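Next come two complexes, and both contain chain A; in the first it sits with chain B, in the second with chain C.
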Partner chain A sequence: MMTMVTAWRNLWRNKRRTSIIVAAIAIGIFGVQASMAFMNGWIAQSVENIVGTTLGYVQIQAQGYYENPSLKLSLPLDPGLKSKLLTVPFVSGACPRLNDQVLASNAERSEIAQASGTDPAAEPSVSLIPSSIIDGRWLRPDDGAAVVIGAEMAKRFKTRVGHRLVVRASRSDGELTETALRIVGIFRTGLKPLDRSMLYLPLPAMQRWLGLDGRVTEWIVNAVAPDRENEIKKAVQALRPGAGSVVTTWQEQQPILVRMADLVYTFMFLFNGFFFVAMAFGVANTMLMSVMERTKEFGVMLALGVRRRTIVSVIVLEALWLALFASAVGNGVSALIVRHFDRRGLDLSRWVEGMNWLGLRGILHPYLRPADIATATAATVLMALLMALYPAWKAVRLAPVEALRHV
Partner chain B sequence: MSLLLAMAWRNVGRNRRRTAINLSAIAFATLTMITISAIQSGSYGQMIDGAVRMQSGHLQVQAEGYLKDNDIALSVPHLEQVYAVVDRQPGVVGATGRISTGILVAKAEESFAAVVIGTDAVRERNTSNWPALVREGSFLDPADATGALLGGKLARTLAAKPGDELVILGQAANGSMAAAKIRVRGIIETGSPEIDRSAIIMNLAPLQEIMAMTDRVSSVVVLLAGYQLVSGTQAALERQLRSVSPNLSVVSWKQLNPGVAQGIEMDNFSGKILVFILVLVVAFGILNTFLMGVIERYREFGVMLAIGVKPATCAGTVLTESQILTAGGFLAGLAVAAAINGYLGIHGIPLSSAKEIYEQYGLTGSIYPVLTIGTAFRVFLQVWFVTTLAALYPSARIMRFRPVDALRSV
Partner chain C sequence: MPIVECRGVRKTYRAGKVPVPALSGVDLAVDRGEFTAIAGPSGSGKTTLLNLIGALDIPTDGAVFVAGRNLFAETRAQLSELRRRHLGFVFQAFNLIPVFSALENVEFILMVQGVGRAERRRRALDILERVGLADMMHRRPNELSGGQQQRVAVARAIVSRPDLILADEPTANLDSQTGASLMDLMVRLNETEGMTFLFSSHDRMVMERSRRLLLLCDGRIVEDRH
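Showing the complex of A and B:
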């Protein structure tokens, strides 16, 4: 206890020196945490932008549909399934969809689009599209030939709410079919590929049009609990959602997202290593200086009968205090700044095309996980202790008489 | 002057251990900064190269407004005259006219949405790397009017293989319904999701006929000898093409791939911020030792001042010390960086473990860092700036010394 107090006091004997080294460490930790928070926000949004729009958290599809999304691989729509799915723990929403690729046209142009026939009442519980309407309204259950399209598509087609859009596709029996729809709403997610190519119509209208009454291509299940997808998948499987169907999680359908997160964190681990090495040089020099200039003092202590072990522990504890104090400053400042940008959103819309290319919207919400703070603190402590070893070893080897003579 | 240098040099040698730590700190900062920059410029070059060879070319000649609307009705007329101008332009490696439009492709009972691209089979060989990416069957042949290449993923979705017949359906430039039979000639695997998932590539002439676009194309794709030539060639072509048709515009790869261009810009910017923070960390560490070096010599400086040495000279020795350290540390860091990046520049950093992730961003195989003199110089300036800044504070303190106080201090 006494040594801890001594060490803390020693640390502040030279206020300027300690402040400078604390600043060096704190800035380093800020560098580490800022990039970490950015990456956390990036990964979280990449997942959200896919899972929370078209993919869903857990999916029920016909065997083989994922590899080859064809209308031939549809499932019977079991009307009772929704309420059963909603009884599964953590599940917050369930929605049936009938998806197909179509050719959308108007007088202006014609383009490939992804049509999704969805349950207008259930879609808001699984995706952010209904809440991204910027003009008109979202679909209603009693809508007939209505469609909601993305803002980019509306721009390219030079169309707006109230106008007509013709869609063409082939029915499951191979026959080409077309239907005219009225645009009732326009959405904007900020993700160009989605805003450009997705269109939503009521499930019954889509079924009638494609001659697939009572059938869907997938059920999307949403949940409030990240990291529980496997549990939910098992519970959904236990409901026996229908012959020939398979239950998958978003990780199974988008393994590349999972691997990208792994890659990003591996890279961050290496990159943060650079920061700690850069900090280590400063700490090494400062520790060395503070021990060397006290050679005489240590000599006196040794001469007075203080054990060498005590001297070593004072030096090591100084390093520990320095690391803990600097981590507290660095992490505290980082956490405050990160929280500010998490709330306000980090506006990168200057590079919106680049963000979109990376699967992101223009605004990012960086955040820190408790583990990030714990890791940075542990790394700082470890680095400081390693840097204290050499000065401590020098102090142990002091011969009292020589040390006393030292000026 | 030489006295200043000699004193500074001796001071550097006075505390060898401290000097060694400072030198390695500066060398480490130099090494890290140079290596990060070299990897960045290497991968950016490869990403740009991938994007232009895969699809867009460095430049495209288009009708005014086509870039924004992709409207098939906005087309480039007088193709032969455009070729004549483009082919004459120095720096142009290859150029080909292409038509690209969304259609439905049907096989037996099923139909899927796809993008049909019509191109000049002979000219394409100098313009993109498509001919080298045919995995099954063979590349287009001008004599085979109905032959077409399918993106790998589209072929799997359609369960189509070379020899199969498909029907394409779309809207011609004049608004009428366009339909034609094509025969799968080969399968192409590019690693670019856009092409692999949805492209049907066929000869230009038959597609011109199908789309009612005789002697017209959507764009003329131009490949240059290097991306440094882009802006010069863009301006030159735009000027010369005015004689062919008044409303032609020449757009660059940046406009054609805004995602790649901005992604690079953003990565570059964030990289700069992080490197700056790293340098700051090193600078603060150095500041402490510089300060120590001055404080422990208070008495010495007091004596110097008392015997008539100018304060500026005293401060000068401290600054000179920092310059020696910076130069030494930078050179050591540069030497190690040159060795590492020289090796990696030849052998590459393999991306095997995360291949498909990088492929999404147009990086294939390995990353080859590119270390230029410009990069080394920029890093030197940054390192020099912060270390000099770190030495200024201690030097400024000497300027304020009063000899008597300094002599009294222990």
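Showing the complex of A and C:
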């Protein structure tokens, strides 16, 4: 206990020097955490862009549908499945969809688009499209031939709410079919591929049009605990959602996104490693100076019969205090600033134009994971302890009589 | 058995390639309860002799026995234990630990001896009272005068009741009045508690108060006056 107190007091002997090194470490930690929070926010947004729009956290599809999306691989719509899915822990929403590629046309132009027949009441629980309406409204369960399209598509088609859009598709039996839909709403997610090529219509209308009454191509399951997909997947499988169906997670369907996140975190790990090496030199310098200028004092301690390991403990504990204090300051400041920008949102709209492919929308919400704080603290402590070893080694090698002569 | 015994102790330092003899064959025995001063001009070897007796340095030749132990035959850890358990030190420059209060400086030595918290607090307070510093126990060294610091150093040296207290020019940095008062304190401790003191000094006041005076010149004891 006394060793801990001694080490803490020793740390503050030279207040200016300690304050400078604490500030240097804290700023370093802030740099690490700020970039980490940005990357966390970016990855979360990239995941949300896909998971929170078209993919969902967990999917139920017919065997083989993911590899070869086709109307031939549809599932019977089990009306009781939704309520069963909602009983699974951490599941916040479930929605059936019937998806198909269509040719959308109006007098202005024709383009390939992705049509999704969805349950208008359930879609808000699994995707952000219904809340991204900028004109008109989202679909209603009693809508007949209604459609919601993206803002980019509206622009390219020079169309607006109230106008008609003709869609053509192949039915499951190969017959070509077309239908005219009234645009009731326009959405904008900020993601150009979605805003340009997605269109949504009520599930019954889509089923009727494609001759697939009572059938869907997938169920989308949303979760409040984004890191429990596998747990949820198992629980969903246990519900036996239908013969011939498979349950997948978004990671299984989008492995490239997982690999991208891994790559980003590996890069961050290396980058932050360099930060800590640079900080280590500062700590080493401080520790060495602090020990060297106390040579005589260590001589006195040795003369009084203080064990060498006690002297090592004091030096190592000083480094530990320094690391913990600087970590608390650095992580505390980082957490406060990051939380501010998480709540407010970091407006990147001026810079992200043209960076849409990176998964960035206009507003980014940076955040820190508890693991980020723990890792930075552990790295700071480890660095400081390593840097204390040499001064401690120098101190224990002192001959008492030489040390006492030291001025 | 004497508490200190030196037999043919020599110590030679090296200044570059030139050997500089500091002690040239010292024979000495100090008994328990003595109050002895080693006097002599600068460079006569006083501090060197004290360092050797204090197990802080090793002789080039000869043997030093403290509390019956041959210092030459002991390991570094054993010497450290000897200093911790059997010796007390008072330095010329006080050498208190600056981040500790007076009380903590005194307690520190008991802590390294493994004395329990309550016991060491009680003993440290008691000693500080005896050296007249009870009301300044929470002050740090930089808040104490030189005389007060040296009193704390004396308290630190005696609190564990060592067999021998080594004081290297304890009054050198004090004015004469403060020095005299400090010496009186040590005389009293010697007389009432039977503590053994061995000083190095060229201060007349120290020599006058000591009951035995060893005169050192060119690394040899030239006079042993009782």
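Methods note: the second predicted complex is superposed on the first by the 404 of 407 C-alpha atoms of A that agree within 3 Å, B and C clash if a C-alpha of one lies under 4 Å from a C-alpha of the other, contacts with A are read in each partner's own complex, and residues count from 1 in each chain.
We take it that a residue touches a chain if its C-beta (ideal position, glycine included) is under 8 Å from a C-beta of that chain, and two chains touch if they have at least 3 such contacts.
None of these values were measured; they are calculated from a predicted model.
S.K.: Quick one: chain B or chain C, who's touching more of chain A?
M.R.: It is B that touches the greater number of chain A residues.
S.K.: Of the two partner chains, chain B (first) and chain C (second), which one does A:Leu304 touch, if any: first, second, both, or neither?
M.R.: After superposing on A, A:Leu304 lies in contact with chain C but is clear of chain B.
S.K.: Which partner does A:Ser313 reach: the first (chain B), the second (chain C), both, or neither?
M.R.: Neither partner.
S.K.: Go through the superposed model and pick first if A:Gln237 touches only chain B, second if only chain C, both, or neither.
M.R.: neither
S.K.: When the two structures are overlaid on chain A, which partner does A:Thr375 contact: first (chain B), second (chain C), both, or neither?
M.R.: Neither: A:Thr375 stays clear of chain B and chain C.
S.K.: Is A:Arg168 in contact with chain B, with chain C, with both, or with neither (first, second, both, neither)?
M.R.: In the superposed model, A:Arg168 contacts chain B only, not chain C.
S.K.: If you stack the two complexes on chain A, which partner ends up touching A:Asn106: first (chain B), second (chain C), both, or neither?
M.R.: neither
S.K.: After the superposition on A, what does A:Leu288 contact: first (chain B), second (chain C), both or neither?
M.R.: The first partner, chain B, only.
S.K.: If I apply the document's touch criterion, which positions on chain A are contacted by chain B in one structure and by chain C in the other?
M.R.: No residue sits in both footprints.
S.K.: Provide the residue numbers of chain C that touch chain A in the complex, in ascending order.
M.R.: 51, 54, 56-57, 77, 80-85, 87, 89, 91, 95, 97-100, 104, 108-109, 111-113, 156
S.K.: Tell me, which parts of chain B touch chain A in their complex?
M.R.: Interface residues on the chain B side: 17-18, 21-22, 24-25, 28-29, 32, 69-72, 102-104, 106, 108-115, 156-157, 169-171, 198, 258-266, 270, 274, 277-278, 280-282, 284-289, 291-292, 296, 353-354, 356-357, 360.
S.K.: In the complex, go through chain A and note every residue touching chain B.
M.R.: Going by the criterion above, the answer is residues 16-17, 20-21, 23-25, 27-28, 30-31, 34-35, 38, 67-72, 101-103, 105, 108-113, 156, 168-170, 173-174, 176, 256, 259-260, 263, 271, 274-275, 277-279, 281-286, 288-289, 293, 348, 351-358.
S.K.: Quick check on the complex: what are the chain A residues that touch chain C?
M.R.: 2, 6, 9-10, 13, 296-297, 300-308, 310, 399-401, 404
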